[in-house]
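Here chain A shows up in two complexes: once beside chain B, once beside chain C.
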Partner chain A sequence: MSMTRRMMAVLVLSAGAATAAWAQDVSPAARELDPLGRLSEGSRYQIELILDSARVAGLPTAPLESKALEGISKRVDGRRIVSAVRMVFRSLRDARSVLGAPATPDELNAAASALRVGVTRAELAHLTQIRRDRSVTMPLVVLSDLITRGVPRDTASQTILQLWQRGAADDDFSGLWRGVERDIVSGTDPGVALLNRAREVPPRGPSSQPEGSRPEGSTENRNS
Partner chain B sequence: MLVPKPHATAIAGMLALLVPGQRAMAQNASELETRLEAGALTTSRTGQIPQSTFQLVPGFRFATPRFTASGSAAAWLGGQQMQLGDASAALQAFTPLLYGIRAEVATNASRVVRDLAVESDQIDAEGRLHFMRQRGGLWLGAGVARPLRVAAVSNVNVSSGGIWTRFGAATLRGSVTSFLFTKIASRADSIDGSAVVCPAHVSASPAPADATVGPADAVGTGCRHTSRLTDVESSVKWEHHLMEVTVRGGQRFGDRLDVTSESRQWASAQAAIWVSSQLAAVAGGGREPAQPTRGLPARSFGSLGLMLAYWPIPRGTVPVETPESMVHAFALRAAGPNTQRVTARIGGVEKVEIMGDFSDWQPMPLIRRGRDLWELLVPVAPGVHQINLRIDGGQWIAPPGMPTLRDGFNGEVGVLVIGR
Partner chain C sequence: MTEDDVKTLDPYVQWIVAEARRPVAVDDAARRRLLEALRAEPQPTRRRFDWLLEPRRFALPPLATAALAAGLMGIGVIGGLVINRDGPKAGRPRAEVAETPRLPGSIVPRAVKFVLIAPQAARVAVVGDFNGWDVSANPMTTQGKDGTWTIFVPLHPGLHTYSFVVDGTHFMPDPAAPLAPDDGYGHQSSVVLVGGSSL
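And now, the complex of A and B:
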């Protein structure tokens, strides 16, 4: 009888310990401490390798960790998460090589996104070469969206580049985006919608400046 | 006419309406509202002293994308008895929208009981054709109303037309409704005891329609008078955060026999303030015109009440709408340093969540604030962020109204640019 009781006690203790261990493994506190802990060992190891490579290259790691967390929250398979994080890493590395060291994290992210949707390095370089002291973030966000929505890449790049040269402001780009989105929803061809709406953007005066003549105080000049 | 304790029965029945219904008939995007309002009411007729009464108005509305069923009642309580009871039930059915055109068939049945003795029933049927666009539309309609029991009026031919448009958070409507019917000028047939005067009589001594005439005037076989009323009405409905305000005003056209001075113009306002996700306080006041075919006099009113809303959600049914099309509005506005107020207008759903890089991609449920308003304060620093929206635990989507990007997982994210 006492043997049976001892066995019961062992079983209960074992079950309790197992439950506690499981609860600890998935508790919110544990997840907060180690948000990547929900990945398999193999996937997590590969992502840590990518993060390490980013640190060595001087790239921000926040977008990479964010992509991994996004995949975890969306319950994506670990291998696909690794693949997506690797793609973000590569695009960030390419964006940095085009934009240079002084690019802000937002610009770097926007440029990386543009590269991922098909914008070429040459087009990105052309866009960033003519920028003055303004952030290129908004034009790149709009460019990436337009391509995602079906505007031909060449048309989108050239139109955004021309507007950027004409001194279009962030509000102009967001207004352009809203108009194009509305037209596309109404059934207009995406490329035609962009060209039509681009004509409505008012010129903001000459802003196109040759390379090397950026105003004093611009980030490019400070670091060159 | 004394009826013992009519108040208790009436109030108990009306309070029962405030209990939200069950989800047995639930369909996608359906909603159920019950309301109970109480307030003061003053009726007026030409030549009579205005009467003040206490009014209780319960009502309900159940709406789906294809049909709407509603019912309302009013009890005018004065002294120890119910002076007038008015109840109506309506059913509207809609066809699917095709090339911007939608047809509607509406039926309505109503009963008016005055002093618990005189009863008047009426059945209405109307067809409408709606021409709808994104920000406005118009409709044309025609119908007929058939009074029963009391032959004070013949069949009522109703024709109507209207136009509506949206300006931001406001919806403007304008309508013209024409009524054509034949009155039988017999006091015995009249619903409220006020006789209708024959044209010949009028030519000698003009008198308004609601004027009380002496017995000698009402005796006889009666006479017939064709009446034509035209109501021109406009309204503005404005929705802002937790408040809904509706202001109405109108003008009635017709000759003196048909339109008394109390019903020439009217205006009223009603406001609803949502105090929780399913409870709203409602207040209203103003003036309503007479309904001559139903025997309801012109009245001024002021009322306070409660509205309970219930949005039953189906389980296991195929959604009629895509998640994107269910989001009527989505916006972020600065609500302090590094804080954004997220608001979304999504009707007929139970749960709305967002997540993004600002939350380390942890879902954050929005709080329901009203009929279809969802809200949340989110800590978001200036910069470029990615954001997703999820409705009722479905697929994560990019919120409308902002640029999007592919997320690398066969989905999309919205790109949020917050200025520094």
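And now, the complex of A and C:
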């Protein structure tokens, strides 16, 4: 092979390699599209493994990615991020085993949060076995919040369960939450506040909230 | 070889030379038959693209070779840029298994108003799963001097986790929303259920 041909072969191969390299990922703009790229290689690898496991298990990956990005945004070190993502993954897997396949990602996410604040699998199963035609997302969100704010777990679980059995609607749970939160801020014991406010929730029949009825318009979160 | 040279050769060789020099008498009829036979032979056909397969030799000076290679390299780089124009994730398949099965009406984003009263804050932003927890994505604005910071963010129906960021570094939950459990980062976040009852 002549020198010229050898030279041409090497340079043609280089051109191909350059194309492949550009096609993968090099530009800063491309890195912006991959926020997990801000993690160290080892942490990134661990997160990817967890995400792959979630996909295989049919679990939503959005809460896991969100947890990783939350850690990055809060400048938490990679090991803690991996640990937090792994914890969310385990709780999602546990929630799936309790709620079963029909559970929506929102229900799984809310149930996983409830498990992480101490709600037992038995309590979760009891809640979801009743009136499965409605979403358990709202009661689980309120339950997790109440426990986080200091309401004893047993009190919170039993109260939410009783309201759920009585047919309480999403509006009832949101009203309950507002009242309890206000009372706690005013200095009332969290457990007492919950029991007092729960008495104010009117009993409702099974048909009190038609399936799929949702308020329209914008949602407002106001701290007044 | 001259005649004198031939005479010095061996007689047998001289005979061979004489035979070789003797003119050959060709019969005209035989000659005609030979020519007719040659004419009757089919002409060799040349297909249209045979020239592409014929071996050729060419030579380039080193400077021209380098210029040609640089051109090829440029084509490669431009090709890579074109492929990469939409980012590395543009062509990647998403995990279908984890997507939310929602009714068509429930996929329409809704404007959610976030409000925080923080008179001392120089700047406030809202971060959450809806913006990748990007502090620069949704800065809030304040009107007047009462310290009320607001922003409308279009959110898809569903459960969202979020937090306020005050002055770029201080993460705090929304006082007007349920808390999400602390998962080890040392800060609590809030949750909002879009499409359900407002909390």
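Quick notes on this structure:
Here is the rule we use: the second predicted complex is superposed on the first by the 173 of 224 C-alpha atoms of A that agree within 3 Å, B and C clash if a C-alpha of one lies under 4 Å from a C-alpha of the other, contacts with A are read in each partner's own complex, and residues count from 1 in each chain.
Going forward, a contact is a pair of C-beta atoms (placed from the backbone, for glycine too) under 8 Å apart; a residue touches a chain by one contact, two chains touch by 3 or more.
None of these values were measured; they are calculated from a predicted model.
By the touch criterion stated above, A:150 is placed in contact with neither chain B nor chain C.
Of the two partner chains placed by superposition, chain B and chain C are both touched by A:71. In the superposition on chain A, contact of A:34 is made with chain C only, not with chain B. Residue contacts after overlaying the shared chain place A:202 against neither chain B nor chain C. Counting the residues of chain A touched by each of chain B and chain C gives the higher count for C.
In the superposition on chain A, the residues of chain A contacted by chain B and by chain C overlap at 35, 62-63, 66-67, 69-74, 76, 80, 83-84, 87-88, 105-106, 109-110, 113, 116-117, 137-138, 141-142, 144-145, 148-149, 170, 174, 177-178. If you check the complex, the residues on chain C that touch chain A are 59-60, 62, 65-66, 68-70, 72-73, 75-77, 79-81, 83-84, 87-89, 95, 97-98, 100-101, 103, 110-117, 127-129, 132-135, 152, 155, 158-159, 161, 163, 171, 174-199. By the touch rule above, chain B contacts chain A in their complex via residues 355, 357, 360-363, 383-384, 386, 396, 401, 403-409, 411-413, 415, 417, 419.
Contact residues on chain A toward chain C in their complex (touch as defined above): 4, 7-8, 11-12, 14-27, 29-30, 33-35, 51, 54-55, 58-63, 66-67, 69-74, 76, 80, 83-84, 87-88, 104-106, 109-110, 113, 116-117, 135, 137-138, 141-142, 144-145, 148-149, 169-171, 173-174, 177-178, 212, 214-215, 217-224. The residues of chain A lying in touch with chain B in their complex are 35, 62-63, 66-67, 69-74, 76, 80, 83-84, 87-88, 105-106, 109-110, 113, 116-117, 137-138, 141-142, 144-145, 148-149, 170, 174, 177-178.
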